[in-house]
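We just call them A, B, C, D, E, F, G, H, I, J, K and L in the order they show up, numbering each chain from 1.
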Amino acid sequence: MRIGIVQGPNLNRLGLRNPAKYGTRTLTDIIADIDRTGTDLGFDAVHTQSNHEGDLVDWVHAAEVDAFVVNPAGLTPVGYSLLDALKDSTRPWAVVHISQFHAIDGRDREDIFAPYATLYIAGAGWIGYSLACRALAQDAP
Amino acid sequence: MRIGIVQGPNLNRLGLRNPAKYGTRTLTDIIADIDRTGTDLGFDAVHTQSNHEGDLVDWVHAAEVDAFVVNPAGLTPVGYSLLDALKDSTRPWAVVHISQFHAIDGRDREDIFAPYATLYIAGAGWIGYSLACRALAQDAP
Amino acid sequence: MRIGIVQGPNLNRLGLRNPAKYGTRTLTDIIADIDRTGTDLGFDAVHTQSNHEGDLVDWVHAAEVDAFVVNPAGLTPVGYSLLDALKDSTRPWAVVHISQFHAIDGRDREDIFAPYATLYIAGAGWIGYSLACRALAQDAP
Amino acid sequence: MRIGIVQGPNLNRLGLRNPAKYGTRTLTDIIADIDRTGTDLGFDAVHTQSNHEGDLVDWVHAAEVDAFVVNPAGLTPVGYSLLDALKDSTRPWAVVHISQFHAIDGRDREDIFAPYATLYIAGAGWIGYSLACRALAQDAP
Amino acid sequence: MRIGIVQGPNLNRLGLRNPAKYGTRTLTDIIADIDRTGTDLGFDAVHTQSNHEGDLVDWVHAAEVDAFVVNPAGLTPVGYSLLDALKDSTRPWAVVHISQFHAIDGRDREDIFAPYATLYIAGAGWIGYSLACRALAQDAP
Amino acid sequence: MRIGIVQGPNLNRLGLRNPAKYGTRTLTDIIADIDRTGTDLGFDAVHTQSNHEGDLVDWVHAAEVDAFVVNPAGLTPVGYSLLDALKDSTRPWAVVHISQFHAIDGRDREDIFAPYATLYIAGAGWIGYSLACRALAQDAP
Amino acid sequence: MRIGIVQGPNLNRLGLRNPAKYGTRTLTDIIADIDRTGTDLGFDAVHTQSNHEGDLVDWVHAAEVDAFVVNPAGLTPVGYSLLDALKDSTRPWAVVHISQFHAIDGRDREDIFAPYATLYIAGAGWIGYSLACRALAQDAP
Amino acid sequence: MRIGIVQGPNLNRLGLRNPAKYGTRTLTDIIADIDRTGTDLGFDAVHTQSNHEGDLVDWVHAAEVDAFVVNPAGLTPVGYSLLDALKDSTRPWAVVHISQFHAIDGRDREDIFAPYATLYIAGAGWIGYSLACRALAQDAP
Amino acid sequence: MRIGIVQGPNLNRLGLRNPAKYGTRTLTDIIADIDRTGTDLGFDAVHTQSNHEGDLVDWVHAAEVDAFVVNPAGLTPVGYSLLDALKDSTRPWAVVHISQFHAIDGRDREDIFAPYATLYIAGAGWIGYSLACRALAQDAP
Amino acid sequence: MRIGIVQGPNLNRLGLRNPAKYGTRTLTDIIADIDRTGTDLGFDAVHTQSNHEGDLVDWVHAAEVDAFVVNPAGLTPVGYSLLDALKDSTRPWAVVHISQFHAIDGRDREDIFAPYATLYIAGAGWIGYSLACRALAQDAP
Amino acid sequence: MRIGIVQGPNLNRLGLRNPAKYGTRTLTDIIADIDRTGTDLGFDAVHTQSNHEGDLVDWVHAAEVDAFVVNPAGLTPVGYSLLDALKDSTRPWAVVHISQFHAIDGRDREDIFAPYATLYIAGAGWIGYSLACRALAQDAP
Amino acid sequence: MRIGIVQGPNLNRLGLRNPAKYGTRTLTDIIADIDRTGTDLGFDAVHTQSNHEGDLVDWVHAAEVDAFVVNPAGLTPVGYSLLDALKDSTRPWAVVHISQFHAIDGRDREDIFAPYATLYIAGAGWIGYSLACRALAQDAP
């Protein structure tokens, strides 16, 4: 099994900024964690990050994967083009937010991805990605 | 570590009704799954289910646990008393919805628990409980 | 045919309070009326009343009936657990309000049951229950 | 007793269209049913149907009846002129919707008649008219 | 000068119903009052009343007048066709409500005519028509 | 009969500013017009204008009049103290707006006086005051 | 193929009023244009216009056509009866607005027809009708 | 005089939790305070607390008291059944919130009791109950 | 201890108007009551009333007191300047409404003071001021 | 005449995905159709598609065309930068949606382009582009 | 050039209260700063401050200046009379807020002045006044 | 000191389009103005403009500056990724709009940047950038 991990705008700065909010692990650390879980559970992860929504849309179009795990970050309330690409992919996809999205930004930012995601995980920190992969790999619901 | 699993109204009927929506696993099956994960990861789960919000409030008051995993079910938009009990417990607690709550009932039912939960998982089916326990047991963010 | 009549909170006080609003017939009188109509039309009515939503949920789970007639009373805007029990019962069910609910409390109280009920009757007074049973017993649309 | 039955726009096409939604009984069939109930219960029904709101207003002005039963159909969210005629008639009047109005169109169409009707019945199919007449004839509420 | 007086649905029943709300003067009385004011101030009034919005639209199209005075009655929140006819007439027009519209129905009924009327009078009772004619006849702002 | 004419903030500048919107008549001109109408119809007008809401409240408390005519001007959406003084005066009172208030400011400014006024006139220009006095003097509904 | 062209209230006045907004072509001109397109593309157009919603409903009921093109004009936000007739006709139907409806009246008038139309064209002026017929005749979508 | 003191869900934990928010006085302390005030002012207080809304409804039905003082706690936005019981009791009743309810939870929780209470006190801490009793005992408005 | 009592617009008319709503006690009576309570409990009250918000702001700036008790009256939904003066005073302050504000005007008037007040009392009639002073004098939470 | 055809995000996948919703014609097919219509009607079409809003903005800035036809796709509710580029171009421009936008996504996605477009066509499938070009080429209103 | 500086309610207390929010500079200091900038850039500033909206309105009426700089303070959401005076002055005027108004009070207080101001500056502290004067003095757009 | 000037989509076209709205100065002119102010006040400005939000995010990540001045232009209501980059930069940043944003687009476009900006300037035309730099350079609040 092959899972595409899609990291939205500003996530290339994870661990380099705002440790009180997101911890000190960098995106490289998180990718390594996901890959290690992949080895354990028998799935391959392929990764992308971009600050350009268009790049993420192109990547989703081209990805040869069985499922997606997406942290839309700044695109959460406005990334309709990325959302359409995911919906049209006809594959299951999970939304992951590192911090508890509802609690922190729920008043200010609507999550347009939430109503369409197969799976939604928020607040589990950097292990949220692994939990999502685990659920998708086990052919959950 | 000890985790309290709180199952809201009607969940005693899981697997006995509406298999298209919730699958065929009964609450007994799910409890066994959680306990098995507990054995693997080294935590004890204690369980309750009630159709009476007052019973769940009493149980949360009395529970000697390190964390809670809660599926509020029908109390999702109205269970302020249960919510207050969880908030006042000063322990981390996760909300788990079996199906993707946003997708199915998001227009009709607000989730009053979501803004206060440490962790939020929806759409992972019956393994959602285990994922939540795994995250809480690993001392996630 | 067997119809379960579910009376919500405070309805045990019918006829004992507020006669200008609800008339002077007690719940006992109303039960007798429904039973008499049952005799005429060939159905059995089984009755419950509780001020505890949990009791009503338990009763609906256990009821061996072909249809329900429900006056949710104070649960009208908040009884999601009772609503879920009715929806999951896979049987037809009617909502009955003694007074014309829209006219009196429509501004203050949303009826969360209305969108899912098979049949909705308000304002017919104590004969509303019999009308609902009559409609359900005749296999109406 | 004499009851005026007011059928709103498009109801002359009942049974001739959309049987999945409204069944196969025509307006003629329904009128016959109501008249038969009238014979049983001792009331006379007089009937009108029009696709012109103005005609219905004129008819209500001229009707020499003791009560009205109205299916406003397409006038449900906009028929203020018909509503005023009914309110000014100083007689009791019932709203009847063949299908469960809340369930089907509740999101799209407000029922401006509901807050003022003496009696409200929805979802009982073609026997809804007879139930309404029965309630009005028994001097209900 | 010539003023067209347009009376909306149900106003043919003025004085015949609901005297507590509208007084006991009939439409015939009011027409006589307006005509008398016309004689005093030097304008001719031409009158129409209909329960059919289409008739009022046709009448406005055909009217050879210098101004209109309109009581839209039941069309107040929904008479867009009549409103369009008035707006397209390129003549000044006044809205008159017999009772104080805001006070009585303001919560329930929006007045779609109000934002476009040259002149708006509510609560002056039957002399509101004469006041409006007086203002229009004096070439008010 | 004695009528108190209450002119709100900025109306002392009438005719000195913005002639395209309010014409060129000054407050002195308007007062003279009202007084002339008073002579014709047999009522006395007493006048006040202030840019201080508190002054207007004091004046309403002290006024020995049979009715009020009020142009709240800038107090229209916020003058609750003036509104309370008028409501507590137990006398009839009219709101007058020189221009058609709904048309011009209806989107931006709610009129908190409108629901409580006996009489409401907008768009009649400077003769609106006289029309209001005329209606109040004739003991209109 | 046969297409019914339904022109709503006031459209009989097209070209006779407000040329800045709607141009100088009359309804007769437009009908001729549509017929000419029909000759070119091989469809017959049948026409109706009325200021009475009821007439349009009657006409839709009786029309023996394969599709409808409708300009609801003043009925746009309130013509539920016409909308029901179109929906129940089980034939494709297009909404045409001469001017760009959204741009001009979008803040004030909701288009209740838009969500149900097969095809929606606004802003194309008088050729909008021909474009709609062309699309319907080519078995579009 | 006899006053029923109704303590809602979680209030049995007062003083045992969250001292920064509610102080360190327990429910037992507060009951003693109220009783002491009762002795001073000449009223008897009878007490109940439950985490089950149904229990509180039953208690209100059965209570032989002259007035109620209610802290609805978690039932504040959803306890319509308790509210109905209080309204139907035909006795005066006060709402007391220990902390200033508006300030703390006003954005998240509507107080459905507030519009119907005779008396409303928030922010006075544990002496709020005594103040409410004092007001009710003095036959305040 | 010294408490400043701030009475908003129109309250100089208490007892002189509308006895059904506010009783027959005048502001002078109420001031005497408060002073008597002050003597009992050992606090001094200083009093102001004005129909000018600016006067109240000036008074709050100059007041040498330990706490304020404020009845904002007509300033309740709009007195941001008075509110700012109270917030900036860094002293505790209570809002008192004589009648139950929520019940009577809750739909029409927002209370902008409520979210910031230390203490909120409504519906206790003229003794509400004394209750507020008692709570502030006892160093309540 | 020269028309710029602007295809928004994901439209490069037309015909390759979701045939039930968009048919099986690819973007290449559609471009060929538009060009063929151009040959017939005497206009040149120039084409662009991008998943990057910035690319579309750049293209609109540089385009030497007389009009634009735009399918904003995923940018429909959020593409303010593209919208500004079109508005500032001072040329007429049409919005085209392949499926009936209102019907399918109207509840979820606002069309920010609609209020400013010269022409709006939805639901005509792939011929919508040609219809729009035809209208723009004929110098429609 | 001459600029009128209008300071709203409570600003006479600047620097005397709440230094964490507004700094320690008093209104006298700020006036000196503005005057110094005036000397540098060649404009005269004239100053007013009042806690009475009416005083500010009177001052704006009488001011012989070329522009206004206004900090409405507590009048920000309710000062329609001051706003009208500024709008009617036909001179350019700037709104200045010392702290970043949107950030601090944006949820609670609408700024009714913002849509009409020529220039809007918030968050620049005490130099905001000088920046505004600089912009107005340079004949900015 | 070093200030990063961030110009959003379409601003490369300043002065080349729409002179009535934005004047005739080009972006090159404005950059020269800012640099000249920098020379006067002792700060260096570094500039970027892009029609791609992703480019602006990348630039903010890489910028070695002490503060930012941002005109988000078309990103104003939707640029959450740019907003996150600015918030995470931990440096002060100003929003500048050339025209008075509230006045022109306030109804249509929310400014998601406003609540988080240190400083907000709108309506000062091209000198707004210099004013913002001046305020940031003087270490304003």
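Keep in mind that, in the parts below, a residue touches a chain if its C-beta (ideal position, glycine included) is under 8 Å from a C-beta of that chain, and two chains touch if they have at least 3 such contacts.
Every value quoted in this text rests on a predicted model; they were computed, and no experiment measured them.
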Set of chains whose contacts include both chain H and chain F: I
Least hop count linking chain B to chain F through chains in contact: 3
Equivalent interface to F-I, taken from B-H, A-B or E-F so that over half of the residue contact pairs match: B-H
Cα-centroid distance, chain I relative to chain L, in whole angstrom: 47
Separation of chain H from chain I, taking each centre as the mean of its C-alpha atoms, in whole Å: 23
Rounded Å distance between chain A and chain I, as computed from the means of their C-alpha atoms: 54
For chain I, residues contacting two or more additional chains: 52-55, 78
Interchain pairs in contact, sorted by label: A-B, A-J, A-L, B-C, B-H, C-D, C-H, D-E, D-G, E-F, E-G, F-I, F-K, G-J, H-I, I-K, J-L, K-L
Complex contact set, residues of chain B against chain H: 52-55, 57-58, 61, 78, 80-85, 88, 90
Of chain J, residues touching chain G in the complex: 23, 94, 98-103, 106, 111, 114-125, 127-128, 131, 134-135, 138, 140-141
Parts of chain E lying in touch with chain D, wherever the complex brings them together: 8-10, 12-13, 17-18, 50-55, 73-78, 109
